[in-house]
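Two complexes are shown next, each including chain A; its partner changes from chain B in the first to chain C in the second.
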Partner chain A sequence: MPEPKPLTLLIVDDSHIIRRRIERSVAIDGLDIVGTAADGDEAVRKFRKLLPDAVTMDLTMPGMDGLQTISAVLAIRPDTRILVVSALADRSTAIEAIRRGARGFLYKPFDDAQLNEALTELLELH
Partner chain B sequence: MNVAAPSTVPRRRTGFGKYRTIVLSIALFLVFDLGVLILNFYTSSEISTDAVGINLAGRQRMLSQRLVKALHEFGAAPAGSTEATNALMELRNTTTLFDTTLSAFERGGETTGGDGRAVLLQPVSDARGRAAVEAALKLWQPLKTALDPALRGSDAAALHEAVRLASSSNLALLRLMNDLTTALEQVAAGKADRLRLIQTIGIGLALANFFLILFHFIRQLRDSDTRAETARRETVEILDTVTDGLFLLDRELTIGAQPSKSLHGLFGRSTLANQPFLPMLREIVSEKVYREAADFLDVLFREHVNLKLVASLNPLHEVEVLIPGPNGEPQRKYLGIEFTRVTDAHSALVHLLVTVRDITVRIELARQLELSRRQAEEQMSLLLGILHVEPPRLREFIDRADKALHDINATLRRHGSKHLSKRDEYRGVLNEIFPTIHALKGEAGLLGLEFFEKLAHDFEERIVELRGLKRVGGDELIGLAVQLDRLIGSVEAVRAMVERLGSLQQGFAQEATAAAGAPAGAAAETPAMAPTSTAAPLPELTVDTFRFLVERLAQTEHKRVQLLASGLDTLAVSGAEQITALREVLVQLLRNAVAHGIETPEERHLAGKTDVGTIRLQARADASAGIELICHDDGRGLDPGRIRAAALQSGRWSEDELDAMGTAGLRALLFEPGFTTAAEATLAAGRGVGMDVIKHRVEALGGTLSVASEPGRYCAWRITLPGLPGLGELSFETT
Partner chain C sequence: MLNETQLKVFVDHATHYFSAFAQEPAIVRVPYLISHDESLVYDYTGVIGVSGAFRGCVYFTAPARMMQYLLMTQGETEHSQEHCLDVVGEIANTLAGNARRELGSDFMISVPIRIAGKPEQLTLARSARSYAIPIQWRVYSAALVVSLEDG
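On to the complex of A and B.
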């Protein structure tokens, strides 16, 4: 039986530490991290090129913020599964992100298990 | 929150399932109907055939009579006349018809019907009919033979013979044909009876079937009604007794028709069924939570959203609400509201199941736990705080604090019981309390009793808050009393701790003495921390005490400050009242210097100064002039612009008034009660007390207070106390 094509993930966060953190922590069979972006503009540029299946999205970023980036990304590929990764303090922004089409929310700080669980749930890999 | 398990789809069953009975009944009904119809059709066609036979048998009777009549007419008519010809034709026709019909009755065959058309007759099968036909044939054959020559010609003898024979057999033939008719009629009547029987049975069966179906379905309906009623009653019982609030929410966010009974208590409303949820929610939660909840509910109904992945965003997970109580008084409660999706058989989202729990007890318990944890921490910091303070000073502080707090308590009680109608009277009470608590705060800070300092600070904040209110009632003063109790309690705690430490130390001392072989009684007479000790001289105004205060304040303000003092060690003042007053004044001046004077290292750097600010405290005593104290800081100085802006913001002075004041006037504002230039209150400064208190203290001691400053360079406060002559020789530096 041929191996199923792996799903692809793009990490968007302005914090270098959080990007590294997610990169190192993701341990899901069939999910490849194909890129990282530090702001909205870079995210959209890389998204257009890579067309990933899933995106982890920070909300507060310099320049184009998370909400705008979500709209831009979904305009390119509407079935993208977006997981908002943000602090619970800006709950209303997070809810707005979900209204714009993101599918789930993971609050910072998170541990490895929570991250992998959320991504598994996001991609319905269970 | 959980994703709802998909409801089980009813298993498709082969056959008709519960409709089997009705299908069977209908089939039976059709079979009965069809059977009756076929039999009916068959029998009635037989009856109609029989009717033809009866008709023709009747015609035979008539023909036999016509035959005789025609024979007589033929005989009587002159030969060759028209009458004779007609009679002969009639005779021929009658004979032929009678003969054909009779033989058809016997063997079966065709004959001519009443309307001239050919009719097929079946041989007569009935016994009586058959006998009649056969008897008739026996009579007919000779007559027919006799008639034959008469029909062919006009042989008179043959005719005569025929007439004789016809006349003699005529009656018999008539009777026989009559018998045949009767017999055929009886057969037909029998068939008609049978047909009626069949119809009756058919209708009976159909009716029986109908009633069976009727009773069966009535019973089924009653059974299912009973089951539905039982289920409904169970649901109602559950919804009436469950303590959780339960209800369904549809896409229009309308509460379902059957919310659980407890929900009314939880939301404090009598009508909930079919009401819109959001306006109801808006009345009990804050506007922010309401808006978030509205957006969150919108998200929950979007099927692409994974419920598990947004559960943490639920703003109603633990929400503070104000519920109208039984007396209309709003009650503060905490509710936990969770949402679960309800899907139909096709996995389409139709409702949200909402569960509401009163979690007030849980939240309050958690708060109590947090409070006791904090109290434990406070006890510990209290302990750590007092360990480094010299015992006599600590005891003095405790006594003073105790007295001051009880004085405040007495003031509150005195006014709490009175009816104070005017705002100014409340303000008066608050203003009376304020300097005392502020001084205690300063003392605590000086001794490094951070815990106590914090409590006093909170108390002070509350007073300021109350001063800003338009109306202050007895309730608010009682609230203050509660806070005061905590302060008194902490003083008691410090006292208890000091005593325990004292006895501990005493224990150690005794042990040491015992080990050295000395009598135990001697050690007990000189305890290191005897509660009644007054022997040790109080190091009231040492540089170290103030340095400690300045460093600690600087740390909380994120500043770097060094304190240079001179003359303090030689300044000796007699009398506890004066010592306390002087210390309070110095503490306040140092606080102001750290909080308002010295800038942050960044600001100082930008201003071209060294990062570390310097405060100089100089004291000198002069036999004639008394004591002079100078507190000088190299900070930002008094900025008339800042004072003016702060004064304007306080709303107590108009622009015109401020313009008229001039620099000196603006500086004088610093001595107004409640005036401050700090943006926010900190432990060090900013509540707007201090300068007025200092001024009053100094004046109470008979002294004067003056200030010199250059914006951006320095600020120096000078206190002269002529009434307090210093003792001993003093040396001092000059600025």
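On to the complex of A and C.
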């Protein structure tokens, strides 16, 4: 039987160290990181080109913020699985992100195990 | 004005941050009041503007060596000023953002302003009450400054 096609992930965060942390920490078989973006505009450009299955999305970013970017990428590919990775820890922000179509929420700061668990849940790889 | 319980929110999040992100806990000491013209800055500073229920700023300031060491713990080989500024801004953003869990979504925060050296433009409002929260991580001393008044 042919191997299943790997799922693809785009990382969106305005912080270099967080993008690198996610890149280094993801350890899930069958999940390939295909790109990173440092703001909402770059995220939408790369998303349109790469059409990833999943996105980790920061919320507080200069220019187009994460909530707006969630709406923009889901308008391009509605079945994209979005994991919000944000320091904004209040309930109403999480509710708004879910309302816009995000499927998971991981609070910063996170450790490697929390990230991989959140991505595994997002991708329903249990 | 920020009350004692609300101030403790920042102490608790600062304590948690280093354990979670760098896998090494920090010692967070008792906050103390600083005056509006007191300059408490190290080599790099990340400033978050606050509006809504409170008005003012929250900033995290740290020496270059601490930021370089933190980059090293993350496997980064490049310890440039740009990367140190990125880290200091991210820490400020995380500590201020986490505070919304207790202070609510009306504690509105800006994207971080990242500053190297002594910031000329960083003046605390005379009408705000400003607290310094000393943070020691490994051998390095840093501080979280919370300078807020009612919005």
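Definition applied: the second predicted complex is superposed on the first by the 122 of 126 C-alpha atoms of A that agree within 3 Å, B and C clash if a C-alpha of one lies under 4 Å from a C-alpha of the other, contacts with A are read in each partner's own complex, and residues count from 1 in each chain.
Following the convention adopted for this analysis, a contact is a pair of C-beta atoms (placed from the backbone, for glycine too) under 8 Å apart; a residue touches a chain by one contact, two chains touch by 3 or more.
The structure presented is a predicted model; accordingly, all values stated were derived computationally and were not measured.
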TODO: Tell me which partner A:L83 touches in the superposition: chain B (first), chain C (second), both or neither.
DONE: first
- [ ] Could you look at A:R20 and tell me whether it touches chain B, chain C, both or neither (first, second, both, neither)?
- [x] second
- [ ] May I ask you to decide whether A:K49 touches chain B, chain C, both, or neither, giving the answer as first, second, both or neither?
- [x] neither
Task: If touched residues of chain A are counted for chain B and for chain C, the larger one - done: C
TODO: Could you say whether A:S92 touches chain B, chain C, both of them, or neither, answering first, second, both or neither?
DONE: both
Open item on the list: Looking at A:L122 after the superposition, I want to know if it touches chain B, chain C, both of them or none. Which is it: first, second, both, neither?
Closed with: first
TODO: Determine, under the contact definition given at the top, whether A:Y107 touches first (chain B), second (chain C), both, or neither.
DONE: both
Open item on the list: Shared contact residues on chain A, chain B side and chain C side combined as an intersection?
Closed with: 88, 91-92, 107
Task: Contact footprint of chain A on chain C as seen in their complex - done: 16-17, 20-21, 23, 71, 74-76, 82-83, 86-87, 89-90, 93-101, 103-105, 107, 109, 111
Open item on the list: Quick check: in the complex, which residue numbers of chain A touch chain C?
Closed with: 14-18, 20-21, 24, 60-62, 86-93, 107-111
- [ ] Within their complex, state which residues of chain A touch chain B.
- [x] 83, 88, 91-92, 94-96, 98-99, 101, 103-107, 118, 121-122
TODO: Report the residues of chain B in contact with chain A in the complex, numbered from low to high.
DONE: 288, 291-292, 295-296, 298-299, 302, 304-306, 308-310, 312-313, 315
